[in-house]
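Chain IDs A, B, C, D, E and F follow the sequence of writing; residue 1 opens each chain.
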Amino acid sequence: MESWLPTLETETPEQGYDLAIKLARMAVKKTQPDDNVRAVLRDHYATDANGLVAASHVVATHFATVAAANGYWRDRAGEETGR
Amino acid sequence: MESWLPTLETETPEQGYDLAIKLARMAVKKTQPDDNVRAVLRDHYATDANGLVAASHVVATHFATVAAANGYWRDRAGEETGR
Amino acid sequence: MESWLPTLETETPEQGYDLAIKLARMAVKKTQPDDNVRAVLRDHYATDANGLVAASHVVATHFATVAAANGYWRDRAGEETGR
Amino acid sequence: MESWLPTLETETPEQGYDLAIKLARMAVKKTQPDDNVRAVLRDHYATDANGLVAASHVVATHFATVAAANGYWRDRAGEETGR
Amino acid sequence: MESWLPTLETETPEQGYDLAIKLARMAVKKTQPDDNVRAVLRDHYATDANGLVAASHVVATHFATVAAANGYWRDRAGEETGR
Amino acid sequence: MESWLPTLETETPEQGYDLAIKLARMAVKKTQPDDNVRAVLRDHYATDANGLVAASHVVATHFATVAAANGYWRDRAGEETGR
């Protein structure tokens, strides 16, 4: 079986952000494995201001980890900005 | 398509702060892609004391990441303060 | 007696994520040792959108620690991506 | 126009703490630019125990960033304690 | 008088986790020194799903500090896994 | 006027913990300078389980900063444990 998380390294910051979202959602999935229940709950916090902000905070915490794992993508940034 | 997040590097701390706000909002957008729903919800937490503080916390978490990615803009600060 | 936490090192990021979940749950267990009470409470937050997001945040905080402890599994990633 | 955040460096830890407060408030201001609305909301959380603690948490997160940016003001501390 | 916190170093990750719990509880004790009041409140959050998760988050934040203070117990792990 | 925060360095981990509490409370004081209002609010969260846990989380965040600023008091620990 292929791992859902083979590495924390991504090519770009944007992909790193998407990985952070994946990491945030996986904990929800592992606590509530039922797809239907999760769909209902996601509708709930997707239309709840506080719920969305709380979900965004989880992404922020994971993004910090992914960004550190990738050395903040500094080499790539250097290529583009010429620093 | 151009990336919404090509790099974590910014010229100034202020631009880094704005990027942190962008990072905080993007997770909300990806969870709730409907612009109209999001506009309603944003009106909600923009007039809710707890919601504003919670949103500010997400920005703080992202700002920590962006600041680290930029080496805390120390070189630039050095230029200006003469340290 | 064998330790439930002999090391923070894991072979893969995915195992590190599972360890983060274990770390998050252990604090709950140590505060509420009664298995039956915990089962009821877990049913509660597993069907509560805000509770699931809050639980996911705890996992995110522990995952940051586990990832740092493993050097972000960079060597392993190198093997696979050829970087 | 002068930047509201030219640098993260401060002379003293106390000034760094004040900067952390400024950073926490700026996100609120950028989400709710209306001064009057913000004044009302601030009255609200300034008299709400949970709101005050939540606001203090945002300051703590920013203070961590500012302190790291300043190398924890170790040199200055050295001057004073003779370490 | 002996210090309740003579050092952040522990022999094992498990002891580090227990220290994180101690650190989380001490702030509660210092804010609410009355043992009886605290016992009532602890009964409250020990049977409240959200309270347990929130308490677990505090432990996670302290565990990050304790783990860093111990260099993630890497040397010890090395002894056991032969890495 | 003497600074309330001349340095982040403390002699012991325990003093560092007390400094973290001071840092957590100072943000509350700066947001709500009225001593009487603050006394009422403190009574509130000191008898509120969730409030106490939230306050403990702020202390945890500041303690991470203070501990890092002190190099986790490793030298001192070395003296005592003979490591």
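To be clear about the criterion, a residue touches a chain if its C-beta (ideal position, glycine included) is under 8 Å from a C-beta of that chain, and two chains touch if they have at least 3 such contacts.
If you're wondering where the values come from, they're calculated on a predicted model, not measured in any experiment.
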Review point. Among the other chains, which touch chain B and chain E together?
Key: none
Review point. Through what angle, between 0 and 180°, must chain B be rotated so its C-alpha atoms fit those of chain F, rounded to a multiple of 5?
Key: 120
Practice item. Could you please state the distance in Å, as a whole number, between where the Cα atoms of chain A are centred and where those of chain C are centred? Key: 16
Check your understanding: In whole angstrom, what separates the CA-based centres of chain D and chain E?
Key -> 27
Practice item. Note the residues in chain B that touch 2 or more other chains, in rising order. Key: 42, 45, 48, 50, 54-55, 57, 61, 64, 68
Review point. Among line, ring, star, complete and other, which best matches the way these chains touch?
Key: ring
Review point. From chain D, moving on to its ring neighbour chain F, which chains come in turn until the ring closes?
Key: D, F, E, C, A, B
Check your understanding: In the complex formed with chain F, which residues of chain D make contact?
Key -> 12-14, 17, 21, 42, 45-50, 52-57, 59-61, 63-64, 67-68, 72-74, 76-77, 80-81, 83
Review point. Which bits of chain A are touching chain C when the two form their complex?
Key: 3-9, 23-28, 30-32, 37, 41-42, 44-45, 48, 50-51, 54-55, 57-58, 61-62, 64-65, 68-69
